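In the part that follows, the structures are each spelled out as structure tokens.
First chain A sits with chain B, and in the next complex the same chain sits with chain C.
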Partner chain A sequence: MSPQLIANIVVLAAIYALVSAGYVLVYRVSHVLNLAHGELMMIGAYILVATAGLFSGNPILALLLAAVSGLVMGLVVYAVLMRWLTGEAVLAAVLVTIALGILLRGLSILIWTTQQFYPAAIFGWRNPPVHILPGVQISVASLAIVALTIIVYAALFLFLQFTAWGVRMRAAGQNPLLAEQRGIRLHAVYALAWGLSTFTASLAGMLLSLDSGVESTMATIGLKAFPAALVGGLDSLFGALVGALIVAAAEIAAIQFVNPLLSDVVPFLVLLLVLAVRPWGLFGSREQLDRV
Partner chain B sequence: MKDAGSSDLALFGTPARRIRLAVALVALLLLPFVASPFLLDLANQVLLAVIGALALMLLTGFAGLISLGTAGLLGAGAYTVGVLVREAAAAFWVTLPAAALLGAILGLVFGLPSLRLRGLYLAISTLGLHFVVVYLGGEYEAREALSTGVMIDPPSIGRFSLTSDIGWYFVLLAFAALALLISVNLKRSRTGRAWRALRERDVVAEALGIDVHRFKLLAFVVSATMTSVAGALFAYYRNFVSIDAFSLYLTVQYVAMIIIGGMGSIPGALLGAAFVMLFPYAIEAAAGFLPSRFGNVVFALDYAAFGVVMILFLLLEPAGLMGIWHRIRAAFAARRATSAPKSAPGSASGSAPGSAP
Partner chain C sequence: MRASAYLALVALAAASLLPAGSATAQDSYKIGVTAAMTGPAAATQAPVIEMLRIYVDRLNAKGGINGHQVDLLIEDDQAEPSKAAANATKLVRQEGVILLINSSFSSTYGPVIAEAKRGNVPLWFAGAVCPKETHPPKADPLLFCSTGFDFSVDIPVAVKAIKDMAKEPAKLALVGIPVPISRIGIDGAEKLAASLGMQAVDKEFVPPATADYTPFATKIKGADANWGFAYAPWPAEAKTFEALRRLGWTGQYLAYGHIQAEDELTRIADGGFEIFMANSLFQDDLPVHKQIRDAAAAGKYSFPPTYGTEGWLSGRILEQILTKTGWPASAEKVTASMSSLNLDTQGIRGGPLVWTADNHFRTKQSYRFYRYDPDKKSIVRMRDWLTVDVTD
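Showing the complex of A and B:
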């Protein structure tokens, strides 16, 4: 394998990891699988297009505004929709997220059409390739994605491990009844999980749009990142990192050596393999699994 | 007087129900002669959707097994026709059984994960299989350099070929009626009761002596066979197969049919299929009143509105259209009971006529 190939794998893995962190956060805390995650990521990217149009002279402000909107988006989704499904059958919640995804897809086309937007061009930024090693080059935005993924995962780890809200989130995920008995406000915790989930998804969407623009098909990347979360174990952040690497490596290898058309299906082949052999994922907890 | 058991088993129920059925049947048989070509095409689409919706209702509504594989199975059936017609110029009496056979095999494949997984994880595994099937179709199109899909000649016997919409209407009506008969029969038989036990609690079902593995696989095989045949009919009806038609959105539409119709109810599957198939046309009609800015993005408007309707049903009326219907009927029964002076206070409990011993 050439070094360039490894660099490509790392970049794709970083994208998948950054997106799948949101799947894990929501699943770990509230046991809901959010199938609108890809669409929420896409909306995050479109919000950057909007803020970039408003503050084209001040990229930092535009980026900050878009990132904050990403956080608010999750809080709103929880408050308006998912709150009513707390305690209901998990499947109903999943179906609601599917419906939400379709709604967002329609809305995004109504607002932004199917045209492709380049927020980087609005800022006047170029995205030159960088030689990180002799013969290995990746774009600046890709480099930023890798760096951001490392930062986000480190921050999430510290947050969940050491802060009061992080502990509350883990407690709610482990046993909502006991957590509530101890005075943890479940609604606040769930809302925070959704907020953080769409926040990280928005970051991913923003950087992807800075790299290669955003159009209505971006949501597909969100769906392809889902196998990464499942391969690692739906309730394990560390697992999502490893799963992202495995899925990205399999995908790039298939594109390179077998057939570029395989790109869309390889993540799901890996997913089926893991479901057959070890359905709870590499690092997931076994008792979590709704298993026959 | 019938006991509860035999009225469960009777196919057509009471005389009143028989009359209602006969009226509906006559209306269905006369419809194509009064409908405009546009309405006829719409009716045909609904009949096609009914087959798929009944298949999914068997699996999810009766047996409680969740599948996101409908689009993949429809695509598999359609592609069986496409490939066989293209490669071997096969006639419909070869392609339709072939599609059914492939559907049965795929049902077994889609069903195997259900022996180990349930709920969410089962849904995800069928989603994975959906992408595999779609990939295989796309791969075939790419290899054969078919940028626009596969063209299919209308099915024909001798000199007669099925091209008119009226002819199609009766063919599709027959297939939908067959699917309905299979569903009704399965529901009221031993198999249906086993599925219901599985849905409520599979551990208990096993303790009752139900062969859980066998009935789970049976549900998948029956459902997938029906779906695949519907896909094959779809290919013939449109004279055309393209893998783009079998996106995840199609699966969501079928899932929406059984939710909006009413989970676990056969009339619900019919209502849901009609609702979901007619919905885009209602939106298109409504879009005529909107500013022209929305004129060229009707499909996006359709997506958004469909998402909203699905969310509303899931949040406010999980029992679907059938739930609304039952509530209306109960309200009428209660009104009749209170207005009739002779009736006892207990008779307003909304029990359906004929169901009480």
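Showing the complex of A and C:
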């Protein structure tokens, strides 16, 4: 396998991993599968289009504002929608996320139409290639995605392992009843999980839009990252990283060595294979059986 | 009592199946549109229909056609066949439209054509792929198409142009997406290239909404292609080219110029990215382009004015069809009017758009070739109207 192919796998895996982090955060803490995650990622990218338009002369401010908006968006989604479903059946919460996704898709078309936007062009940025090794090139935006994915995962790992709020989040995910009895404010923990989840999704959307623009079908990329989270195990951040790498490698191998038409199908084939052998994913926790 | 209630119900049900037009006297031209206003095809289709609506609004503001308003009923099908079928049923059976317009993915055509034929209503494909049934020598009596692109004519023109432009033997990489029209076009280009002595060294079908186009570009570059040809929706065409350049590929690239092309050529700003298209660009600066720009501003068009050419042309076609139809209008009279269309395209196309009894596509198709010139920092025309006869 050529070094360029390995670089391609790393970039695609970084995209999938960055998107998957949000799926894992929400599921790990609240056991809710957020099926609006792709749409939230897309809205994050559109917010960058808006802030870039407002502050085209100050890209750093525009990027910071968009990133913070991603965090706030998650908190608002929790406060307005998901909070009221705490204690209800998980299925109800999942269905609400489906409805939220449809609503966001409609809203995005109403506000931004179906036109393709390029925030990088608004800033006057080019996206030139970078020679990372002899004969191996990736774009600046792709390099930024890889770097940011490493930073995000390292930060999340440190946050969950070594901070009080991180420990609270893990406790709430393991046993919410006991956690609440010990004084952990579940709503605050869940809200933080949603905030961080949409924050990482927004970062992914922003970087993807800087690389290749944003339009109304970007949400589909969120769906393509879903197998990575499931393959790794929905409650494991490390699993999401490994899952993203496996799915990306399989997809690129299909493009390069088999048939590019298979690239859409392969992630789901990998998913089926892994779930058939290990339904809780490679690094996920085996759940209590509640059906036969 | 029970029998009369039953009869009332039957009468009510029967009445609901009748076209609205037969229940109430129509005082406007009712035109039905099923289009991908949202969903995966919306980036190309919604701008066409929105400009058509703006054109019709302007007509109505001036008193309509033959003294009657044009009622444009737009239904979103999201490029889904089931929704397109429901839209067509509603528009034909309930609204009693005299003309149906489809602007969506070709996968929606089957049910819409079936419904149009059941209702004996003419069906016009505007801004979407032209079905073969609109072509000569024996066009379907009810099906018409005005869309600028059509693979059966586009592909031979493009492949021969590459053959002409290539300074050394062309090693061609072909780029499409996995939908029928793009695949047929790319497969056809592969065969034609071989027959012209060119080597197709790679063929890529890039799925829509791909997260990273680099893997496809890597394969093309690895195949040592010196020319690329893309026949796909604009995002796949442009993003594959940009990924190629980021890998340091130095070849030439030709793609069909969809409605986004003018703004995109300027953004990409690469002299090696060439487009061919049936509609003229705004950089040609014709009076009709000023009209479109003014209409877009006045009608609060949601897209850049350069996206509006195909929709504006559709508006002019509709105006001529209905003017010739007269009043009172019927689907039969509209069909007759469409079968003898001869529209001056005012420079949007390379000549008039002509529909005849047996040709509901066009009698001639013309193309202009453009690229961005980095030295002039603007789009330049590489080849003026190249006209081909459309006979069969």
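We take it that the second predicted complex is superposed on the first by the 286 of 292 C-alpha atoms of A that agree within 3 Å, B and C clash if a C-alpha of one lies under 4 Å from a C-alpha of the other, contacts with A are read in each partner's own complex, and residues count from 1 in each chain.
Methods note: a residue touches a chain if its C-beta (ideal position, glycine included) is under 8 Å from a C-beta of that chain, and two chains touch if they have at least 3 such contacts.
On a predicted model such as this, the values are computed, not experimentally measured, just so you know.
Aligning the two structures on chain A places chain B and chain C in clashing positions.
Shared-chain residue A:107: touches chain B; no touch with chain C.
By the touch criterion defined above, A:258 reaches neither chain B nor chain C. In the superposed model, A:178 makes contact with neither chain B nor chain C.
Residue contacts after overlaying the shared chain place A:54 against neither chain B nor chain C. Contact with chain B, but none with chain C, is seen for A:91 once the two complexes are overlaid on the shared chain.
When the two structures are aligned on the shared chain, A:155 is found in touch with neither chain B nor chain C. Contact with chain B, but none with chain C, is seen for A:269 once the two complexes are overlaid on the shared chain.
The clash between chain B and chain C in the superposition falls on 26-34, which is one of the stretches 8-16, 26-34, 80-88 or 152-160. Looking at chain A, you'll find residues 105-106, 109, 113, 261, 264 touch chain B in one structure and chain C in the other. Of all the residues in chain A, the ones that touch chain B in their complex are 33, 81, 84-85, 90-92, 94-96, 98-107, 109-110, 113, 223, 227, 230, 259, 261-262, 264-265, 268-269, 271-272, 275-276, 279, 289-292.
Interface residues of chain B, counted against chain A in their complex, comprise 66, 113-121, 123-125, 127-129, 131-132, 134-135, 138-139, 142, 202, 248-249, 252, 255-256, 259, 294, 297, 299-308, 310-311, 314-315, 318.
If you check the complex, the residues on chain C that touch chain A are 38-40, 42-43, 46-47, 178, 204-216, 218-219, 222, 234-235, 239, 242, 245-248, 260, 267, 302-304, 307. Across the interface of their complex, chain C is touched by residues 2, 4-5, 8, 11-12, 15-16, 105-106, 109, 113-116, 118, 121, 127-129, 137-139, 142, 208, 211-213, 215-218, 220-221, 224-225, 251-252, 255-256, 260-261, 263-264 of chain A.
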